[in-house]
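In the part that follows, the structures are each spelled out as structure tokens.
Two complexes come next, and they have one chain in common, subunit A, joined by subunit B in the first and subunit C in the second.
The block that comes next holds the complex of A and B.
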């Protein structure tokens, strides 16, 4: 029995399509991330599940029950908004007790639930504080405790970390997942942050222009993207253009005006125009004299220190787009802006896609 | 010559609250400086004192050797870009960009020249006739930047300029920011809470906490050799293990961690019996099956895929939970597996245990 089931959900605002007939199934106890750029329809989707926005078409089922026509309070789920929406005039304690109390649970049960949830998020000792007396991270945990105290099995999280400092976001992202897994809650987590989505989720749904571009395990959507957009939206990717010569079970052979490429096997056919894509951490910088397949020359135009990684941006005669390369910090030490380097891509790391309708540049736009 | 900025023993108090305390700082001509710290650390206060939006309660602010206390913002020749993109909604992109030359009363050809130049720099000239509401967040912030550049100020203050934008757009725009500042030879002060943003744009980072400067230095120096525990935790992530120096041999020290686990590290200046904290970043640890010093043994608790890398949570024999990051193509361990955690000696740092305790030293808010 799926815990959340969407069937042909669609929504228009002022005639513009925001959600374009989405089917989606979130399994019992699953933690799913909905990832996409601003305006992709992520929040609209979540609000339709919560009952805060009415779909124009399609059905919403929760725990097998059709809730499409039910108001939010009659759906068995908890919703946590970006801004937490804590009651400013209520103590932490009463904020967390709010939902079970409204449901008419007896005070002993209400108190027990509130105590349990505050213990879980580590805030029982702050139960007498007002929200404004708490730090951002504590407010976030209070909101989480309040949502979980509703006692439902479905938790909807709309950008739950967005209001926090970047470093705190990193520290807290796995704790939400852990809490949900420990409680056996089914969670749907909306975010625009690709690393957050990959890390917290069992499966990630990438949405764009109101449609699901791809749905799969973190590892799958990252390593086997369905097209150029997903390839570059998760992590970073470099792109080259070519024409298919041969497709075998082991590889795809392609050529451009100047050279040949060897790539992963694909479903393309000989003579078809294609784009090749590689994740920026899978581009290798060759040592002097080292040889490999798919080598090309590039010049470093920008070097960014990212802590764990060094991010390089280069120009190359093989593509009109900048070539981005991500190296481990110690590997990138010697490479400076202006350095000329030889790069290589292993065929198994080279993905091949048909040229998207509307062209590659249009496909890669994120805003 | 672009301006140098100097803060001398500057403090800012709002009633009982001290937002900045006794800060002294010099920003060099043409330097791109990031001020990094958690919410409420005083970083925006510092920027506002330089721009003249706030007057310090104590201390002096110098721009290009001239003391500017008491001088209003419009006379300080500072361009300011805000976190919340504050464009005039009823003005076109072009009129927003040319706002400064217009209010300065420059003639029309001058206005056009400066406005066009500024929009060209941020690659928004072709959007001149649009209104802000017709633009994406990233494009709006570029116009905000153009407007600041059109002031022709040599000093640019960027107050969380990317915080309101999507992660992906943020990454693209930080390239733009640094390129512009460097190409134009401006001096820039960039306030942010995002450590990766600070590391990628700045020549130098100043880390602030509770109104004070914790330390400062070039990004890679601060990342690899933080002098303070707070920096080690705030700029990137790290594992922290508490222990006591068991013995020292030449420039080596053997640290007794919890549960009678021992770790041999390089440790000049450590003394026997000293309470210490060992710090090592997750990417400087390797999981293995074969023992090699220095190491701890443990069991994989969880594996998380993060794209370019895989993060392991490992429970080690000291009782600590450690995080270990491996490049994705080298990651081949599973939850429940017994493993050996190898330390890269080059990257182990040892700190005296802080007086107020480790938790307090690391707190993020």
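The block that comes next holds the complex of A and C.
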């Protein structure tokens, strides 16, 4: 069972906490994305699983076996670094053959494995090229073929698409997932790109300050974030402050100095300070005379053309933070900068969280 | 996939894999590294510094025989004063003229750049004993030589000042080092900063002075240390030059620098004047201590010392940045390079061309000397590689960063210690251990000691420039540490290893001081060159000078080929990077 299991794993660098006691299980055959801002500890986590960095505390188990003390070469996994680290002095062919060869596989098997993997990534005809003679995408595929030729069932991918340009990144991300699924490989994919994470993974772990903020299916982490940070980090969200009045099975009622809000049910209790969050695409612009719950006024300060969408940035008396709204292009066509609009949020789209310990502004910082 | 995995489990049957398993065990690897460190300490470091222990064991003798004897103390202080005076002055000149030259090489694009680089390096090919002769032939008074080719000496009669002749000699031995280190650092400084300064309105000179210069203090430090160490360490060339200008056999009453004094006293000591031991060791100890102190001082000073002219004179500096001023500067630089460095270095060729080959060259001694030189250099380089590569790996990749840092500093010591003092120290060390005879072996060990830093420095540099991702990836793909080294690291840092090996080899080939101070009986080619000059300077025979010239030519050509080779491999390294 090649699952990955982390138990209370922790790491400091020169006294600074990089990984803060993480527990995590990646199931057999699962494709999991580790998503987080730069400096969150994603790469450190991956390197500890690979055996390239020794954790200060905790255990790493692969397939039920404690590998914490084992060197990388005895862990039976494959690792692909951000820069691919294709060996520059070896041909594509010898790069892909590297792992079976150093593991002492008979030459016939080594060659067969290399051939299969190169065929799989469509690079068999470039086997005599040096890495620097390949395009970025080909280099990435070579690195993937080399990792897969290791014959292990665990694949660790550190920002595998980072070095590619945007279009290629989109084209390749699904093909990595398909390869892993076809081969039944358990994959852990580190990225800072939320769209990539949501698209490619079965489950996404959002990590920040060395801790896992939330772990769940893509849909869950997007629609039901555990807190303001995740709400904002995946997509875009608007925030308001309020105090809880009533919590029922169907909804939470809150008020601020100026008004009342109606939001999703929550576990908060009456009298508690709360923050309300809504994804930008769930904020509606009301037509003249139209009425709804949770309406408020805002003034458009900036109008951004995003192709398919129009992004609006607004100020409102209801919140100190800018209000961001995303509309389909045809809806947003009429709205000019400087104009006043009425907005509304459906209660089922309004999430309620306790105020984070360091305050909302600090929580939303992406370093 | 699973089938492949199943087979991998069966992969460990043949003996090579079992051997690999043994070598990959942490304990075995740790022991290996431990052994290398022990070898480094006992084969290189301790012998190099052993003579310092005499400060404690022989303090009484030093007090009664040396410190209490004003005549001896005079000799010692004069010699050390001359050594350091010359070294500082030469380093200063190297800086003044090396900076514009380095700038010219790095920042200008012109055809024949690589040729110019090769020309600047070319004096390094001449063994320093040869440079000693050649420089005096060009600049100096030679009382006992009739029929010499016209050189700079014919304009003013030639200099017989020990200070000036040593300054002129060391310009040839050190200038290439200075230009190399300055150019190397300058090459790494992004031109963007200077461009940004120029776009903000600074003149060329202002931009260079206020932006780029302060950024390469480390290059200045490296260059200064290399030049100071080289000038302080040199023995063979100094003895040849001082003998030629004085026209008589050197003794303690001649004008000597520190290393020549060690050479002279060591000669008398070997000839039976055992009472010289305290004075001989004392001067060596002083040379070693002052050199180490100097190393620390230069490092600290260049890193702490800020180039102080923040003030800018826009119009004056702008005027100096264009028109005649830069042309005058470049002209002066190239004039210096030609007249002070290149022509004196190769002036012996003029002598060879104008004097006729004479009868009676002792070809037996000639070939023996050459064979001995090449043999010792090859053996020393082999030992350097064998011990130096693992030590470099330990320094650059070891788990214990502090140990790596300490070793990194210690490795430089044999480079800083004047090689004559090093040789003396090493000779005493092994004799103290009861090893007598085996002179060639001891000389080889001395050569290992002072060439060792070249290999380690280069390999550490190569490893530091190598992305760790390669090794990490190799390990995760299943390579044992030894396999990762052999299949990935080694091929990628091979150019650095080769460069280090060639530097060590050429340095060994040209060395005189360490060889004669270990043993008077090992007559390598550079020792022969000095001996030809020194055996009877009052009747300097054209035959001897001619034979010395032939030896110099052979050594220079071999070394020059090695330098070309080094340029070739290091250029390939850059292309691959």
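One rule holds for everything that comes next: the second predicted complex is superposed on the first by the 365 of 367 C-alpha atoms of A that agree within 3 Å, B and C clash if a C-alpha of one lies under 4 Å from a C-alpha of the other, contacts with A are read in each partner's own complex, and residues count from 1 in each chain.
Going forward, a residue touches a chain if its C-beta (ideal position, glycine included) is under 8 Å from a C-beta of that chain, and two chains touch if they have at least 3 such contacts.
These numbers come from a predicted model, not from an experiment.
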item	value
Subunit B versus subunit C as contact partner of A:28, first or second or both or neither	neither
Contacts of A:103 with subunit B and subunit C, given as first, second, both or neither	second
Touching partner for A:193 - first (subunit B), second (subunit C), both, neither	first
Touching partner for A:184 - first (subunit B), second (subunit C), both, neither	second
Touched partner set for A:136, first subunit B, second subunit C, both or neither	first
Touched partner set for A:87, first subunit B, second subunit C, both or neither	second
Touching partner for A:165 - first (subunit B), second (subunit C), both, neither	first
Subunit B versus subunit C as contact partner of A:313, first or second or both or neither	first
Subunit A residues within the subunit C interface of the complex	47, 50-52, 71-73, 75-81, 83, 85, 87-89, 98-100, 102-106, 109, 113, 146-147, 150-153, 156, 183-184
Residues on subunit A engaged by subunit B in the complex (per definition of touch)	37-38, 135-137, 165-168, 170-171, 174, 192-195, 198-199, 218-219, 222, 233-235, 279-282, 302, 304-309, 311, 313, 326, 328-329, 366-367
Subunit B - residues contacting subunit A, complex	38-39, 136-139, 166-169, 172, 175, 179, 193-197, 199-200, 219-220, 223-224, 234-237, 281, 283, 304-309, 311, 325, 327-329, 364-365
Touching residues (chain side subunit C, partner subunit A) in the complex	1, 4-5, 7-8, 11-12, 14, 17, 467, 469-470, 472-481, 483, 487-488, 491-492, 576
